[in-house]
Every structure is written in C-alpha cells, then in structure tokens.
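Sharing a structure with you now.
Residue numbering begins at 1 within each chain, and the chains themselves are lettered A, B, C, D and E in the order written.
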Amino acid sequence: GEVTIAVASNFLPAAELLAEAFETETDDAVVLTHGSTGQIFAQIVSGAPFDIFLAADDARPAELAARGLTADVRPYALGRLVLVSREAVTREAAAEMVTGANVALADPLVAPYGLAATAAMEGLGMDTATFQPILVGNVGQAATVFRTGNADFAFVAASLLERLDPPHVLDLTGLYPEIRQDGTLLARASENATAAAFWAFLGSDAAAEIIAASGFDLPE
Amino acid sequence: MSLWPVISLTLQLAAITTIILMAFAIPFAWWLARTRARIRPLLEAVTSLPLVLPPTVLGFYLLILMSPDSPLGALWLSATGETLTFSFTGLVIASLFYSLPFAVQPLQTAFMAVPQTTIDTARTLGATSRDAFFSITMPLARRGFLTAAVLTFAHTIGEFGVILMVGGNIPGRTRVISIEIFTAVETLDYATAHVLSAGLLVFSFLVLTVVYALNRNGGTRIG
Amino acid sequence: MSLWPVISLTLQLAAITTIILMAFAIPFAWWLARTRARIRPLLEAVTSLPLVLPPTVLGFYLLILMSPDSPLGALWLSATGETLTFSFTGLVIASLFYSLPFAVQPLQTAFMAVPQTTIDTARTLGATSRDAFFSITMPLARRGFLTAAVLTFAHTIGEFGVILMVGGNIPGRTRVISIEIFTAVETLDYATAHVLSAGLLVFSFLVLTVVYALNRNGGTRIG
Amino acid sequence: MADTLAFRFHLERSASFTLDMGGEVPLRGVTAVSGPSGSGKTTLLRALAGLDARTGDTAEVRFRGQSWDGPGGYTPPEARRIGFVFQEPYLFTHMSVEQNLRYGAKRRDVTAIDGIVEALDLAPLLPRGVDGLSGGEARRVALGRALAANPQVLFLDEPLSGLDADRKAEVLPYLARAVGEAQVPALYVTHATDEIATLADRTLLIDKGRISGWRAAPFHLIAGVVGHEGEDAICEILTGSGEDAAAGAGARLRVPVRARMGERVRLGVPRDALLISVAHPGPNSALAVLPARIAEQSGPAGPVLDVFGQRQPVATVPETGEGGRVWLSVLRVLPRPERDDSDS
Amino acid sequence: MADTLAFRFHLERSASFTLDMGGEVPLRGVTAVSGPSGSGKTTLLRALAGLDARTGDTAEVRFRGQSWDGPGGYTPPEARRIGFVFQEPYLFTHMSVEQNLRYGAKRRDVTAIDGIVEALDLAPLLPRGVDGLSGGEARRVALGRALAANPQVLFLDEPLSGLDADRKAEVLPYLARAVGEAQVPALYVTHATDEIATLADRTLLIDKGRISGWRAAPFHLIAGVVGHEGEDAICEILTGSGEDAAAGAGARLRVPVRARMGERVRLGVPRDALLISVAHPGPNSALAVLPARIAEQSGPAGPVLDVFGQRQPVATVPETGEGGRVWLSVLRVLPRPERDDSDS
C-alpha cells in the first residue's frame, strides 16, 4: 500500500527518517509532501489527496476536525525553540544584547514558532512593542537569514540545529507556551490500511525515539 | 535521491505550458494588435492581471476555482475520475494563467510592428490571410515569438508558488525542480540547493545562448 | 489594521524599481538591438536567467550577495551604517534582479523594429544621436516601453518570495501588500485575503485600462 | 460576359477625401490612370484589389462578369489573381531576392521565372537579401515578383519610377510584351508622359476622388518590322490600321527595339517629339519626316492627323485649309511590340 | 579655401560592390549625379552625409575646407547642415505633417516655414498624420522637411519621382530658386533627363562604384524676362553670356514660369525637343525657330552650336560646312530662374 503524508516544513527531516523506518518495517511506500501549515490546510480543504497531515500547530487540525475532514487528531511532537547567535549569550544578558540587533524569527501571524518566539522575547525581558525584529515566512527562512550572515540572532526550531550548526545556542525551555504539533489522520484515508498503519507507527516507541533525536520534545 | 523524474516533470510542464500558451496567445495577440474594437484596452489590462497577485495567492484562488466543489473541478472529476487540483493537468492550467502576460504582450508588440502593407502585398500574390500570417507575419515578428517563448518557458521553470499551492508537491506527479530547490533552501540543505541551482542556471544559460545565437543572423531589418 | 503604509510601500517599491530598471534597461536594450558584437547572445541569455530560479532561491542568493559579510553588503554597511538586507534599498535591488528580463526583452524587441533609416533621417535634420533617440526611437518604440513598464511594475507588485526573503516583512520598511495577502491566506483569514485581492485586482485593472486606452490612439503604424 | 472590369465605389477615407466613382475599364491592353497627387489613384487600385475595406464603405466590382465584391459575391484578394506593383517596393525583408520572386509564383504553381529574371536583369541579385538593395534594384524585384505570380490582370502603381532611362527603355518593351503577347491587361498609374505615350491604349483621368474623364491613346503609329540594323529594328509605317494594313509609302525608321521580322510595332510619339510643319522642313536631325494630312481641324477630341491612313490626335495644328498637307518631323519614338489582333 | 566638396572613399559594401572614388564637386548650383541603378549614387550621398560608416571603410571629406571626415577631424551628420531628401520619404510616423516639417527647422532655429508650405502646397496636409498620405504627398513632405531645416547644401536622391507633371512643373522652379537665390548648392540624383535639362550645371557620372566621367550643363539658353502674358513670361534670348549679355536678335519665347521683369531665366531644352534643320523649316508648331551656327563640328565633348553667341553642346549636327548656318526648332523649354552672378 501507499500513504501520502503532508508535513509542515519544519518537521520534514524527521518525517523523512520516520518514513524510512516505516518502509523498512512494512514494505509499504510513503509519499512525503511538504509546505507551510496554512498552505497544506487550504489544500486539504480543496480536496488534496493527503492521508495524514503533520501540522506545525494544533489550530489547523482542530479546524479540519470541525469541518469533519478528520478521522483522528492527536499531538505527535512538541516544538522546541532555541535562540542561535554568533556570540555566546545568556538568558540574563539576552535582553540587552538582542535589543537593537538584527533578530530573525518566523512571522508570529503565520508560524507557531514565531508566536512562541514572541513569548520567549517577553520572557527574556524584551519590549516587543517597540522592538522590530526581522519577520520571515517560517523558521527555515529565519535560519537561512542567520546562516547567511544577515542576522546576529535567530529564533529557530531545535530540529534545525544539526544542519544549521550555529556557534552558540541558547535553550529557551519554559519561556514560551507549549508548541503543540498535532497530526491528523484524514477522513478520506479511512479505507487506507497503510495510512492506519503509519498512524499507529507514529505513536510507537521507535517513532518517539526518532522524533526526540530530531530535536523535538514528546507529547504526554 | 533520483532527480530525473523531477527534471523531466519540470521540462514537460514548461514545454507543454509554452506550447499551449503560444497556441492561444498567437491568435489573441494578433487580434489585439489589429483590432480597433473599443474593448481592446480592457482586454489588455485583464491580460496583465495575473501578474499583480502574489503567486501563492493566485494559487489559492486557482485551488478554489479547480477544487472538486467548484463547477469546473466537478466537471473535470466526473469526466476523468480524477481531481483537477494536485494533478499535472492542474499544474498546466495554473501555469497558463500566470505566464499569460509574458506570452501575449511581447507578441502583441512584435505584431504591431509588422506593416499591413507587407501583408497586403502577400495577399495580392496569392496568399490567403492564413498563409500570409505564417509566411510573412510570423517570420517578421520572430523576435517577439522568441521573447514570448523564452519568458514563458523560463518563468514556468522558475515559478513555484502557484505550483506548490495547486499541485501539492507530490513526487512524480507535481513536484518540479523549483520546489526541490526551494525545499533544499528551506531545510537548510544548502549544498543541494547550490548544486541544483547551478545546474539549472548552466543548463538554462546554454539553451538560451543557443536560441539567441540562432536568432541572431536574422533579426528584424535595421537598415 | 491600517493598510495605508503597506500600500504606499508597495507602490513606492514598484515605482522605484520600474524607474531604475527602465533607466538601465533602455540603454542596454538599445545597445543589444543595434550591436553586432559576438557577445550579444550571451548577454541576452544572462538577461533571462533571473527567471529560471524560484523566487525564494533567488532571494537566498541575494541574501548571500548582500549580507554584511559580503563585499557589497560590507561596503553598504560602512557607507550608510545600515545593512543592505531588510532595508527598502535591499528590496529595490532584489526587485531589479528578478524583473530585469521583463524590462529588457520587450524593449529590445521594440527597438529592433525601429528602422535605422528613420533615425538617419533625423540625424541629417540636425538631431544628435541622443536627440534622435528621444524624439524618434522612443516614441516609435513606445509599445515596447509600455509592455516593459507594465510587466515590471505588475510583477514587482505581485512578487513576494524574494521580498519576504530579502526584506523580512518589517512594517513600514519592507512589508508590502503581496505579503499581507499571503499572510491572510496562510492564517485562514480568507475574508481579508478576498478583500485585499479584489482591491488589488480592481485597482490594477483600472490603472492598466487607462494606460492602455491612452496608448491606443498612437500605436505603431499598421497601414 | 463583358470583357471589362466594372466598378462602383463610395469609400470615405477622411473628412476631406472620398473616393466616389463608377466606371468600366476594357480588359485589353493598358489603361493608364492619371491624375494629380492625392487624387485617389492608389486608393482606387487598392479598392479594386479588395484591400482596406472598412465599415461604411460601399463597393461593387465585377471582373469579366464575375463578382469580386458587392451583392453578387465576394472574392478575397488572393483569389483575384492580380499582379499588384505598389508605389513602394514592400519587399519581404526576411527573404532573399529569389524567395521574394518565387513567393507568388509558388502559390500559383509557376515554376519558371527565368524569363522575368532575364528581362529585369535580376540574375546577379537572386541570392542576396533585400536589405542592401538600391532603390532601382528593389523596384525591379517588386515588379518581377508581381509578374512571376501569373496574374490575369496587372495593377501597376508607378512601376518604373526610380529606374534610370536605359533600364526603363529595357523594361518598358518587356512590360509591353507581357501586356501584348500574354494578353494580360493592365491598369497603369503613372505621371510619366513617356510611359503613357509608349503603353497606353487609353487613359482614365482622376481628380479629387472622381473620374474626370477618359482620353484615347496618345499619338502613335503602327509599323511593321522589315529589317534589322545592329540591335535596332527597321520599321516601316503601315498604311491604314487593323488586319488589312499594307506597307506605308516607304517611310522607314530605325527603332531601338527587339522585335521579329514581320512583327508589328506600335511607335508612340511623345508630344514634345513631334514637330508639325506646313512646308517640307528640309534636311534636319529628326528620326523621320513624314507626310500627313489634317483630317479634322477641330474634332470633339481636338485636331486629328491622318498619317498613311492612320488617324491620330494632336494638340494643335498650324493654320492650313481643311485637308491641308503637313509634314511631321518625328524626333523620337517609343516602341511597343504589338499583339496581332491589336485594334489601335 | 576652395568652395568645393572634396571627397575620397573606399567603402566595401559587399563582395560585388565597392564604392571607390575621389573627386571634388563645386559648391555652386546643381551637380546632377547620374548612373545606372545600383551604381552607387545613394551610397555616395549617404557617405558624404556621414551615415553608415563601418570598420574597414576609409573616407575623407572636406566641405569648404572644413574637415567632415578623415584625418582632419570628424563632423557628425547633424552638424553638417545637409538637407537630405532620401529616395523614400522616411516620414516620422508618430508625428503630424506639420511636426515632420518643423522637426529639422526647430533644431536649426528656423521658425518660418510658410514659404516652403506654400511652394509645395502643403497647407491642407499640415494637421494630418502621415499614415494616409498618398505617395506624392509623402514625397512633398519629405522634400519640405529637408528644405525647412535651413541646409547649407542639399543632397537630393530623386526628390521628384512620384510627382505628377504639373506638380513637378511647380516644384522644379522652386528648387531652382532655392539653389539660385538662397545660394544653396545641391547634389541631385535623378534619372529624369527633364530634371537634368532644367537644373543641372554639371553632371557627375557614376558606374559600378566609380566615377565614370563629368558632363557639362546640357543644352540651354539664357534669356531675360521682357514681359508677361497671363501666367507666362515672355523671354528674350540674350546675346553672349555673362554680365555683359545684350538682348538677342528679337527671338522671344513664351515660357510658363513665374519671374520678375528683367530677371534672367535659364531655358533648358531637352534633347528630344530640339530639331536642327539645314534650311529654315518654314512655319511649324515649334515654340520658336532660332538661327544658329555650328561652332565646332566635332569638339572634344561633341559638336557645339552657337546660338546668339551662346555656345551649347548638342548630340549630332547635320552635314554642312564648318561655320554652316542651321535652324533650331525648339519644341519645349524648361525654365529655371537664374541668380545674377550666374556663370553658365
């Protein structure tokens, strides 16, 4: 059988590992497509042939559920936000160092990590009302801006750290509300045994190990 | 990761889009170039409109327009058993929309520069209006054809916002090379992004150079 | 939410990009149209290249090119005290890149259709080559100017991939209307998306119709 | 089925110009079309060819009884088989000279264009592009292109302007042969009195968009070729005209024309090259001095002379009695080989 | 400082055509340029105007001692103040007729173009666009545009082709006046012998890209205006030429030209309109019969006649003894008002 999974871009590297593990285990095929959460939502509403949706937030899956398009919804990972920088920074000094510098983060309106970053900035004592950070489309772009030398700081997902390899990382655990990434088994996949199998695999310990290794926390 | 399906799909999409769009744009631009109808400026304006919407937004509306709930999408579904969105056909339709201005406008400019008197001369020599179009107007306007085809082809290769929205990035079906490069950048896989971009640039550069060099010896009369 | 700063910024960006690009593209396209240099097809090909890269990817390379670590970015930083990226200037530079083909190619097509003999005639009547360009070539090629300007302006309004990457969506500084619409779509605020899109379309339609209608009475000689 | 091109037009071209005329042109020989600049000659030819119809125009055209335009049916320009030489060459700039020449030929299944190439001396130009052609070269190509398309009628809008005198002297007889032997009638717009004198069987006069009159063929004499001297032919004026023409009273002229023995040649005499004397003028530099008689002192179309039985119009005659003898000093003749059933 | 236009060119235009010539043209009156189609007339004028230089071309041009091209310095086309009328009109299609006319004028600070508008009868065309213009109308506009730009020398490439005879008869004297009174010399390419007869003070002959010879002014007589009759002037042939010209032996002609009493007029006599008789030809239809004398039976440039002391070349003379009396029947004259210091 075959399952088509739509993945929020920030989870793509992890999803690729999961798909590999699932395929070796079952002989079934996994087709991965990715995009922003909002875009995938619009596509599903328009009849996209996706079986499972791994979103970057809990709002879109809830909205899909409200429209009766889902068979099951549950969290599959909790996002971890970190602050990357060129010079070492501590939680105490962060407010002073970061204010006025170039800080990249995903647009809070569009991306859950952006919303979390805003909360973290307040937690670090920055005045988000007056301070103007660089808002980009998603955490991947925030990382790119940092990596290309165009920002001194960036709020990014921990899942990107391996590829980003920044000089300094500040863990921000506890400074932002939980970033719940919900997955949903879509109603159109109710007949698809492979989809059901992957949905089950996503909750397995093997999957949990991969997700954790990819820089996410695990939901309860 | 085998890139071949992605490259092949990209080239197919660009080629088919260019062919269909030229087939439509040629008569349309010709008509626009010759008509004295009042409606002309309106149609010219409409032709340029696909440009002003951001690709993702254009994709969003096309998604709505072609979804199985829409009349068009429903018709397609009942006729073919497949949805129009997330299919190659859907991509082609979307590409036709967003590349329309690049095909029509250079053609119209070129057609307007072909003197009616030359066409009249061909008519008196036994050419039907259709024959005169192919034997006189087209060769004289060939710089416009070249520009239209190059802009359409290249833009179809480079566009990804619409494609991503309408096509859904499905390997072998709707995943094209621009999305592949986009993904590489978004996931910080810069090495892949560099390689793919460089390949695309070098390939495009070679093709375009050959095309322009071939066109060179002709060129509209300048003396 | 007041849209005015966003609209004003968008129009400024589009207008400045169109003006600068035309100022560069006019002499360049003119040279391309008249030169017999071997290098011409190469330059024509290079001119089309910005098209084949997906906007985000183009944005990525522009980020690298303009970053404070790069020579260009460093120069700008030391000269102005600001980074080139995430500034309005950076947006303009990026827009110049991705709209280049739309400005150069229609102009070149139109210039190639202006007969050298007509220009020679103007020279013998006392016009310097510069004067002849403004008084003869430009009016005769005005359909190409129109096409180039419209495609550049509209495309700058509609593009957002590059802008978002290079500009970073900073209100009043780099937030343009295309990003605003994109945000609305992404956040499921479809009502806002519809209103903004409809407004943009209607506005663009009206402006374009007026522009084309004004151009109508002239038009290249066709008889 | 009348062998004519009949037409009636009302074409409003601008506030100040309307082509408003009807008429019937015999489809034999050359009908010259003459009139001041801007009088509507080009507009008339284009309208007859079916180019430029606009809303508001009314047109009716019948060619040999077949409807080309109007209530009887419409024939598109390409089906009218007109050889149209426009006032400007309008060559196809994306083709070589040879491709230009073959454009119409190919579409009318003509393969041999050698005769035309030779007559117009186009051979050295064939492989060239049209861009560097001189003014006269371009005109010859345009003329050849129209002739090569096997037309059933020629519309010529100043086809020889821009050609040098020698070239004209070569091309004119060729055109005359095309019109004469191949029996292709022509409408011929020209301002050159020489060309009218050589070719015209009649002249249609146009002014301000209307027909202002018709004129018969200008002064000319029919002669027969009785010998050759170098490149020239020795022609003897015929007595009387038509089929039963007999040789003139030994009046012979040496004429620069290529023609076969026995062939008939029409010798146009331009108005300025004809001197009428009351007495024999004695030896002079004229080509020939011919005896003639004043047939009509003041006919409806002006005075008429009788030269060896051929009646020809002239502008003025000197004062002598009716039937008075005069002498014609002919300073120059413009030859046109004539088809055998000529009625002029 | 020689009052000449001196040039030397080597321009390779194609494998088969190279313009390779040097010469010096006096900057007085009209120098006709003549030669077969494709001989290089247009190429020469364009080169003199400084258009189309290419790598590999060598050129040297001096105008009244000032270097236009070559080692002595370069003057761009727009600074040469040439009034160039091209073989085709090349009107500016985005301008009205009036804007076309004023294009060059504006750039040379000329504001009054009324004289030109009147002479070329352009008033009714002024507000029009150039698209619908007839062939002859377009040529007149092109001619007017060049004249309005206050040129110091005229380059005219068949400027009157496409004009009807009446129009030509109007424009020719106007051109003659421009050249004569305004002292603007002209290089004048034409195939029309009439135009050469009327205007040319000398003819430059070109063949295959080289100068093949020079020819003096063709047969003409200088006359003075002694009266008017209707629109025409009554001219009396002068005896001798130059400043000390005295009235001829009462030989008077009625000539269609607008000229003031006492003004001098040059009367060109086309070759075909001149009949030479050994004896007085008696009363005839000629404009005038003039006594003349054969001055040279076979000079270096052919036979020469002496008419009232004016020596003029002719093609052939009949057989009489040296110094023999002959009679000239003049069938037509082409008048050109003459500037007073004329030396012809």
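As a working rule, a residue touches a chain if its C-beta (ideal position, glycine included) is under 8 Å from a C-beta of that chain, and two chains touch if they have at least 3 such contacts.
Going by UniProt, the chains are B, C = Molybdenum transport system permease; D, E = ATP-binding cassette domain-containing protein.
The structure presented is a predicted model; accordingly, all values stated were derived computationally and were not measured.
Student: Using the touch definition from the top, what's the fewest steps needed to get from chain A to chain E?
Tutor: Step count on the best path from chain A to chain E: 2.
Student: By the touch criterion stated at the start, how many steps lie between chain A and chain D on the shortest route?
Tutor: 2
Student: Going by the contact definition above, tell me which chain pair has the most C-beta pairs touching.
Tutor: Chains B-C share more contact pairs than any other pair.
Student: List the centre-to-centre spacing of chain A and chain C in whole Å, with centres computed as mean CA coordinates.
Tutor: Result: the chain centres lie 36 Å from each other.
Student: Centroid from C-alpha atoms only, then distance chain B to chain C, rounded to Å. What do you get?
Tutor: 19
Student: Quick check: how many Å separate the C-alpha centres of chain B and chain D?
Tutor: That gives a centre separation of 54 Å.
Student: Quick check: what residues of chain A touch more than one other chain, meaning two or more?
Tutor: Each of 39, 42, 141, 144 in chain A touches at least two other chains.
Student: When you check chain C against every other chain, which residues touch at least two of them?
Tutor: Residues 56, 60, 115, 117, 185, 220-221, 223 of chain C touch two or more partner chains.
Student: Can you pull out the residues of chain E that are in contact with at least two other chains?
Tutor: Counting only residues that touch two or more other chains, chain E contributes 52, 88, 132.
Student: Would you please name all pairs of chains that touch?
Tutor: A-B, A-C, B-C, B-D, C-E, D-E
Student: Tell me, which parts of chain B touch chain D in their complex?
Tutor: It comes out as residues 115, 117-118, 120-129, 131, 135-136, 139-140, 142, 218, 220-221, 223.
Student: Quick check on the complex: what are the chain B residues that touch chain A?
Tutor: Of all residues in chain B, those touching chain A are 56, 60, 63-64, 66-69, 73, 83, 85-86, 164-165, 168-171, 175, 183, 185-190.
Student: Can you name the residues of chain A that touch chain C in the complex?
Tutor: Touching chain C from chain A are residues 36-39, 41-42, 60, 63, 102, 104, 107, 109-110, 132, 134-137, 141, 144-145, 148-150.
Student: Of all residues in chain A, which touch chain B in the complex?
Tutor: Touch residues, chain A against chain B: 4, 6, 9, 12-13, 31-35, 39, 42-43, 45-50, 138, 140-141, 143-144, 147, 160, 163-164.
Student: Of all residues in chain B, which touch chain C in the complex?
Tutor: Listed in rising order, the residues of chain B that touch chain C are 33-34, 40-42, 44-46, 48-49, 51-58, 60-61, 101-102, 105-106, 108-110, 112-117, 143-144, 147, 150-151, 154-155, 157-161, 178-179, 181-182, 185-186, 193, 197, 200-201, 204-205, 208-213, 215-216, 219-223.
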